[in-house]
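Dropping the structures in below, format is structure tokens.
Two complexes are shown next, each including chain A; its partner changes from chain B in the first to chain C in the second.
Let's turn to the complex of A and B:
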């Protein structure tokens, strides 16, 4: 079984999405949170096959056996299904839960689907060129490479900071004998899976 | 080396720390004023009209600040920049912060445009060794971290290249390190410009140049509250170079010696060092020769023997004397100098009393006077009379006029000060003579100015006016230089921008002080007032107010009770002046009777000191004022005498003329605290100095133009990310690319200019670009991180799926086995299986049959092959037979031929024998022929003989 990339193929219905009216925040204790998303307006449009596949994948993440997954696994499932949402987007579709809720709360498949649909409808628009240009900023020598160590620091300290483990998984076998990385090839590789 | 690097280079790792960068962009950091720290960092939380809610970065407290009080913070890219002109947010807070940051990291030198700012480290730094000098030699300013050596080297190279005279102007408060830096300049020049190439064997001239300082310091420096070794005079050292860049001589000019220090010192301060060196260090013989006494006996040493921690006056005395040696100043001159110093001290011990029945002064004890006269080579009686009842010109006649106690005391003090000053001036002259003895022609020079900076006390006097006036002029020079350079840069880059000459900004204030007439300036008015018999300090103030009252740079004190007499708005700020004693200070009167005596002294040295006494303002002239104009004829003709103000103005104007003809380099010294403590920086103290020394003024000027400049390539590299698709792929000229980029950025046309090689920006624009760039990069990074996370998650997912598949296979097999395990037949089968060989016979048969079949097939094949081979063999045999027959025939033919050959051989034999016979016969015949020939010859000879005989016979 290959990872599901075909989720993108689902017909996108952006207009209906962006007009999604901000609903009252379900958790008023969250300060300055962006307006919560009304998922009930999202129309789930996956094919029965996709539905099947997703369910199976979803099941793979259930470690308890209640046919649910923890909130903090949702991002990984979406990614496994071929999406590349930011953590912020995932939190948004989850209704901006607190850190404790992320670990404690669990989600069932039927509630997961509209969230996935929302992410599918508004995919990560970053392009190969964007990333190459972005990484070029850290190219001190101007020769198309960055030091692996530098890249680790960038990814671990900037933006949505990545954990040591995530970075290790990412960088495995990417550095050459000098510890540098050809970032065009790197980006291409990352975007190929 | 690495030890020194710490104090030169900023920590490059920290500069690009992405964390700081992210912090700055997200938190909207700014500077807000603070009472204690100057400025503190905070992040803007909310903006409401004119006010902002700011959260302080370190305490987390929230305060409301007026928008105008907020100063923008520079992006972390600019952290600890070496040249503050590069800062995009040019404001006081950022300048202070940058200097502080650098200072705390041990980096004491920082550029600010044309300025080199240096903060006194108050500790030894390993950045002045010969290695470091070598490092800076021949390097351009931007190639090396900021250093006084870089400034010096720059000046030296420009002098060599452009053949233009150079000057290095060090100014700053007392204790800021002007003199130390001046010494470093000289050290550097003595090192790189010495004609002696080996380091050990420094030339005599270079040695003397370096030794001039200890001497000047011994006589011209003293301990003050702020500074243990404070220069109490300004100086301009001119080092001359020949065409090859070697030092050929030097000249020192001094300014504004604080001579009052010789007679009076504030608490915790000392008189000039030499007093203490001499009193502590002189041997017994010298002590008696110089009539030295114990510290406590001298009234002029107000606080007795004040010592400086860590400084041995005795050793320094020896050192000073050694320096004299190196300078080749002979013994008798040295004694002459010290005698004068001792005499100055003795003058302080002369005490006067008021006579009982008159106002006249008397001197009950003349021991001190005797000592003075002994030291200075005068007659005691003459001297006493000159002090107590000098001859004064009244109308056309001279009369003896008795002096009051105050007058006598004033006269002695004036004499002491004048003696010390003349001695100091002579010393400088003598040093100059020593430094100028080479015959080589100087081609150009580097001048080093070491002069006090702006002084603003609560109340300021004539001395402050002089020094502030000087600084006003120097600042004008700076502003003008900057203006010229900026103008040049703009022209070079082809940018249309008309600058205002900032030098002119200062002109009104300078006019207020120095203008001659219409309206006359403060100095001119003071001079004028000095010639009026009835004038007082008060009348002088009235006149100034009357003449200059409308000058915008002039202010009358607002309240009557204000103790100041008038204020001048200098560029550095408003200064309150108190005019007490100005007339006296300006005239600097002296008892001319005594001056004449000194002029005629039996001591050659003393009489030389007092060579010119004709232009002294005599005491009698001053007397006119205090007596309320009793002698109507004492009005002094203008121009006959020179006032202090006049002399100084002239000296300054000469200096300015010299400086204007040089290419100036500006060094600004800053004192970080008043406790002489290392590693401590008082923000307000430093800010005040930055204001006074023109650094902030320079920044103000910068801001009017386009202070940030980036070369095209760098601009493109750094900010191209902000303008995706603006530049077409492939090669593009730098300028064209920048034009396109700026167009895409939609910047206001007043915010930038595009030159020939650089883009010019108004202050703050880069900060804005930097911010956008950060946001953009962060966006991209977040998006990329999401992809990366997706990648990692999918990889993990694939693995998990594979694991799942594998698991399923194993599961299925296990399940199958479990089911089978309990099936009876299976169990039976497994039990019986080892016994059931039979069951396999059929299989075996089958195998055998298969084998047989295969063997048969193989046999068939072999037979076929055999037949084939046999046929082939037959064929070959036939061929062989044929060949044999052929061989037979050939052999027969061969035998026949052989037979024939032997027959022919026998025949040949026979014929050869015949040939032989015939040959022997030929030989025989030939022998016979020879024989016959001989016979014939013989006969012929006989015939000839006979014929001869015959003819003879006939005859």
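Let's turn to the complex of A and C:
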């Protein structure tokens, strides 16, 4: 199967199409919800080939046979299509569903497309340099390596914490005999797939 | 969290609180000193971490899809 599954922005990329609907007036003792995302303003710009590839990938995730996928599968479908959204970004495009909704609600392909387009259009997407510089913070000796053990702690305690199983899967075979990781090589490896 | 009793516990660099345990795999004890070095409350650090974690999760999903693909094709 020709691997044309990477979702790429159309060449003439318009400025960010995010238009937040006005946020509800925050109540004094409640943290204001993040502004709702207006997906109707997102122009879907995928080519027919991309549309076909994405539909196929989407179909692979449909375990029920109703041509839909569960909300909690959307992050993985986007990742399968070459994107790297944070879990927070995915929840945002889904309209900030509750945990119950994430497990129970299902999404059809046509509704998925503007969500994917929004993620594809994100001007803040991480680059090779972003990741390398992010890891360089933990390069105590300034020699281009980080301790695997320290990276494991960071991944498990900061940001969107990763589980031990996720971390093990990620770090498998990455540490040298001293338990160090050359982070530029690591990031290259991460970005190669 | 108890201190590691590993006799090879070393002090690293000029910070006496920074302890490195070389036997990461063999040492089951959590190293409180290491954890105190992690900027848990720093929003920028957390934002950077989330971005990196997102790239890692993307990579692992794609890797898994590649490995699973032959089975999927057979099933279809």
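By definition in this document, the second predicted complex is superposed on the first by the 164 of 193 C-alpha atoms of A that agree within 3 Å, B and C clash if a C-alpha of one lies under 4 Å from a C-alpha of the other, contacts with A are read in each partner's own complex, and residues count from 1 in each chain.
Everything below uses one rule, namely that contacts are C-beta pairs under 8 Å (C-beta built on N, C-alpha and C of every residue); 3 or more make two chains touch, one makes a residue touch a chain.
Small disclaimer: the values here were computed from a predicted structure and weren't measured.
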- Does the superposition put A:160 against chain B (first), chain C (second), both, or neither? both
- Which superposed partner A:179 touches (first chain B, second chain C, both, neither): second
- Query: So, does A:148 touch the first partner chain B, the second partner chain C, both, or neither?
  - Reply: second
- Message: Once chain A of both complexes is superposed, is A:72 in touch with chain B (first), chain C (second), both, or neither?
- Response: neither
- Note on the structure: The shared contact residues of chain A with chain B and chain C are 1, 60, 75-76, 79-80, 82-88, 126, 130-131, 134-135, 137, 153-155, 157-160, 162, 166, 169-170, 187, 190-191, 193
- Item | Interface residues, chain A side, partner chain B - complex | 1-3, 57, 60, 75-76, 79-80, 82-88, 124-126, 129-131, 133-137, 142, 153-155, 157-160, 162, 166, 169-170, 187, 190-191, 193
- Task: Spell out the part of chain A that touches chain C in their complex, as residue ranges.
- Result: 1, 60, 75-76, 79-80, 82-89, 126, 130-131, 134-135, 137, 140, 147-150, 153-155, 157-162, 166, 169-170, 178-179, 187, 190-191, 193
- Message: Which residues of chain B touch chain A once you look at their complex with the stated criterion?
- Response: 18-19, 22, 717, 720-721, 724, 777-778, 780-798, 800-801, 804-805
- Item | For the chain C and chain A complex, residues of the former touching the latter | 12-13, 18, 20-22, 24-25, 34-35, 38-40, 45-63, 65-66, 69, 72-73
